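Heads up, the next two complexes both have subunit A, just with different partners, subunit B and then subunit C.
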Partner chain A sequence: MIRMQQFTYRYSEMARPALEGINLVIEPGECIGLLGSNGAGKTTLCYAIMGLIPHFFQGDLTGEVRVNNQPVAKMDLAAMSRQVGMVLQNAANQLSGTKMTVEEEIAFGLENFAIAQEEMRERVDWALEILGIAGIRKRNPYQLSGGQLQRVAIASVLVLKPQILLLDEPTSQLDPKGTEEVYQVLRQLRKEGITILLAEHKVEMLAQCCTRLIVLNEGKIMADASPHAVLGHPSLPDWGVEAPVFTQAYQAVVQPHHGEKVPITLRETIERLNQYEQAYRG
Partner chain B sequence: MNKLIEVEQVSFAYEPGMNVLNQLSIAFAPGVTAVLGENGAGKTTLMKLLKGLLKPTAGRIKIGGRDTRQYSAAEIARHVGMIFQNPDEQIFKSSVLDEVMFGPLQIGQSPAEAKERALAALAALDLSDVEKENPYDLSYAARKRIGIASILAMNPEAIIFDEPTIAQDQQGLRRIGQIMSELKAEGKTVIAILHDMEFAARYCERIVLLARGGVIADGPPALVFANDDWLRQAGVKAPGLVRLGQALQLSQTTVTVEQFSQAFRTEKLRAD
Partner chain C sequence: MNTPSLYREQNTFFHKRMDPLSKLLLVCCLFIDAFVVPTLPGACLLALLTVGLLYLARELGRAVKILAGCALLLISIFLIQGLFYQNNQTVLLQVGPLSFYREGISYALKISLRVITMIAAGSLLVLTTSPTDLLEACVRRGVSPRLAYMLAAILQIIPLMMRNAAKIQEAQEARGMAVRGSLSTRFRAFLPLLTPLILSSFVNIQERSMALEVRGFSLGGPRTFYRSEPVYKGMLPVRFVLIGSTLGILCWRLFG
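== the complex of A and B ==
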């Protein structure tokens, strides 16, 4: 479980806080989408849960973050990294810089955890397989395309089997097919009970995958509710977020009244527009 | 329409016998064209050929009617600007303004002219307030926009965008879309490699599908996105509204919310 209480944080070189007055409880097994424009505080929120704040970044902090009831500020990063894994926005930053092949790169974290050879091999094979990158296991990580690198970065975190997985725009460099593949992996991980927090601009994907959405704007939580409630909220554009194109299409046709539950996926929209047509004709 | 760039029967191989492009022919005229296809289809290779960073193994490319083999790199840069997918391959100066002025100075603009153009380009990309900062202190999304500004400042006739939408939020997407529309209004030839189908449908008037080193389809969005067979071959998924329209059996292919809403009302909600 993750609990943030009255959490405020300002990076030392910045004038205003990156996060302000954040109160948040995330239960085990939840899959939460984090929305907001660039600069809204999504990455900072991930850093705070991961412990990079306060252990790595300098700044002013008030309030508290607890992971599994332990205050993050008092835990060491090595202990944290056994519970929480984070896939960074820029995949190149995730590389150890010391490994010459993809499979060695993915095994790097396991080596640091002193995992037995046999289990290490199994886990690396599993991670390569689940991300569809077994074919490039012998390649040099520095010679990969952006999309391939992004999958290697995800694999290198998944292989550690964290209970909590934080992903910062994990599909930004991927084409639609690659994006779909990563989301399939996330759905699989959800079934395995892993807690997922996903910062993402692709609302259509979040609408399909998440149980709850949080919108950040200028460091504050604007909304924290079900995907339907958040994506149908009339203030969504003011927070720098656009509803899924299906929701927009439904709204343009039906002009729903305030508070009506709007469709957010393709399937729901087809159903609702068919119903609307029938009601119109009937 | 005046064709600025003509690609004639061009083949290209990084390694002998392994063609990435196969006798590909296409022309680009003023307007906004999206080039779509899977990773590995040859999109970036084609763009590098247009920019003169690669030379065709066979066939030829003409810019303004002249074979690119007769141009120097600096001459091509005056005609064709390319915004790289990864801005960090492009950015190396320690201030945003210096970075954006670098290209204009290289192609012979005076310092005063270069600065004026650079400031205008920064303003167009919402970057005026960070002109003195080091690009590497800014976000990846901001560096992507710096990459765009530095090419716009050179004022080329053709601008190639390689995956401009990556990591952009809604505001960034709208800004980039607006810039493409403005460039079109100025009579520029804009070519964008895109994976974001919604963006392509919204801002591009011509869609080119590439697969296995050749052109599979070339036409307006409503035509290309309506053909499942072409899309399948190119490994591309139709934009959400096209899929929605198909599922609801609308006869028209619509690519914007307004078009969809209009078509749904006319076809489904009329009294008959």
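== the complex of A and C ==
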């Protein structure tokens, strides 16, 4: 469980806080989408939960972050990494740079934690399997496609078996096929009961996959509710976020009254438009 | 995109049957020998020996390219020593107002041979050893992972820069800059490359070190290894010969 209380943080060389007055509780097994324009504070929020703030970044901090009821500020980063895994925005930077094959790259964290070789092999096999990359285990990690690289990066974090996984724009450099590959993995991880926090611009994907959405704007939480409530909210554009195109199309055609539950996925939209058409004809 | 490493898999004694630490020892011995061997024929022999080893490792071609990259250093040694060596007496060559002396040139030859030996020896290690193997071998022997990682990172700087240079050069070419052709065109194209090259090499360091942190890299204490250590046979005598011959040369220099 993650709990943030009145959390405010300012990077030392910045004038304004990157996060301000954040209150947040995330229960085990939730899959949460984090929305917001560039500079809204999504990455910073991930850093705070991971403990990179305050262990890696200096700055002014008030309030508290707790993971599994322990204050992050008092734990060391290595110990944190067995509870929380973070996949950085640029997957290439996640590589250790010392391994010549995918499987060794994935095992890097386990080596650091001195996991016995036998267990290490089992866990690497598990991670390869769950990410669907067993076929490339002997390949050079620097010769992979974007989607493959991203999945290797996720595997390299997942192999430490964290209960919580933070992903910072995991598909920002991927084409639609690579994006779909990553989301398939995320759906699988949800089934495994892993708590997921996902910073992402592709609202269509979040609408399909998340149980809850949080909107950040200029370091503050603007909304924290179900995908339907957030994506149908009239102030969404003011927070620098666009609703899925389906939702926008529905709103333009049907002009729903205030507070009506709008469709947020393609399937829902087709259903609702059919209903609408029938009602109109009848 | 390739792993930033000059290592290339091949099937020679140096690639397959000599363990990384013995290779490291070989390089150290060649470095020491290069420094203590006093005479010009000795230095020449040592350089030939090293080049011979590179030939046996089938990496002479790429090593020559690395040596060519150091040509500027070698040329400047000849210029400086040929003109200004303190024991210069006999004029060998007169170019306008400049006199090149025999003593300086022969001294420069000796230094150059030393430099060539050292660069060739270093190339032998880097070209025939996977950085992972070298790093793991060191960490297994108790070298701190942090130190080993730093050394590996240094070995990767050159190939990383080469890779980035190629990428940036492509981009510049696409924007219509002349980057190929005569030596002077190439040199003029190289200068504007330097800034983006150095910047791009350093810009990701923070993120990369963060990624290492969250994978437990800075954890002290023992480590395990995913791969079992490869077994190399018959390396003990090789190490003995290497250490013995170097000690021999040292003694000969000190007491002979």
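FYI, the second predicted complex is superposed on the first by the 281 of 282 C-alpha atoms of A that agree within 3 Å, B and C clash if a C-alpha of one lies under 4 Å from a C-alpha of the other, contacts with A are read in each partner's own complex, and residues count from 1 in each chain.
What we mean here is this: a contact is a pair of C-beta atoms (placed from the backbone, for glycine too) under 8 Å apart; a residue touches a chain by one contact, two chains touch by 3 or more.
Given the structure is predicted, the values throughout are model-derived calculations rather than measurements.
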*Of the partners subunit B and subunit C, which touch A:Met14 in the superposed model: first, second, both, neither?*
neither
*So, A:Asn274: does it touch subunit B (first), subunit C (second), both, or neither?*
first
_Between subunit B and subunit C, whom does A:Asn90 touch in the aligned arrangement: first, second, both, or neither?_
both
_One more residue to check, A:Asn140. First (subunit B), second (subunit C), both or neither?_
second
*Scan A:Val25 for contacts with subunit B and subunit C and give back first, second, both or neither.*
neither
*asked:* Just to be sure I read the superposition right, which of the two partners does A:Ala249 touch: subunit B = first, subunit C = second, or both, or neither?
replied: first
*Check subunit A for residues that touch subunit B in one structure and subunit C in the other, and list them.*
90
*Please name which positions on subunit C make contact with subunit A in the complex.*
1-5, 130-132, 135, 145, 149, 152-153, 156, 204, 207-208, 210-219, 221-228
*Parts of subunit A lying in touch with subunit B, wherever the complex brings them together*: 36-39, 89-90, 145-147, 169, 172-178, 201, 204, 237, 240-242, 244-246, 248-249, 252-253, 266, 269-270, 273-274, 277, 280
*Using the touch definition up top, name the residues of subunit A that touch subunit C in the complex.*
50, 52, 55-56, 77-78, 80-82, 85-86, 88, 90, 92-100, 103-104, 107-117, 120-121, 124, 140-143, 156-157, 160
*asked:* Using the touch definition from the top, list the residues of subunit B that touch subunit A in their complex.
replied: 38-39, 85-86, 139-142, 166-172, 195, 197-198, 235-237, 239-241, 243-244, 247-248, 257-258, 260-261, 264-265, 268-269
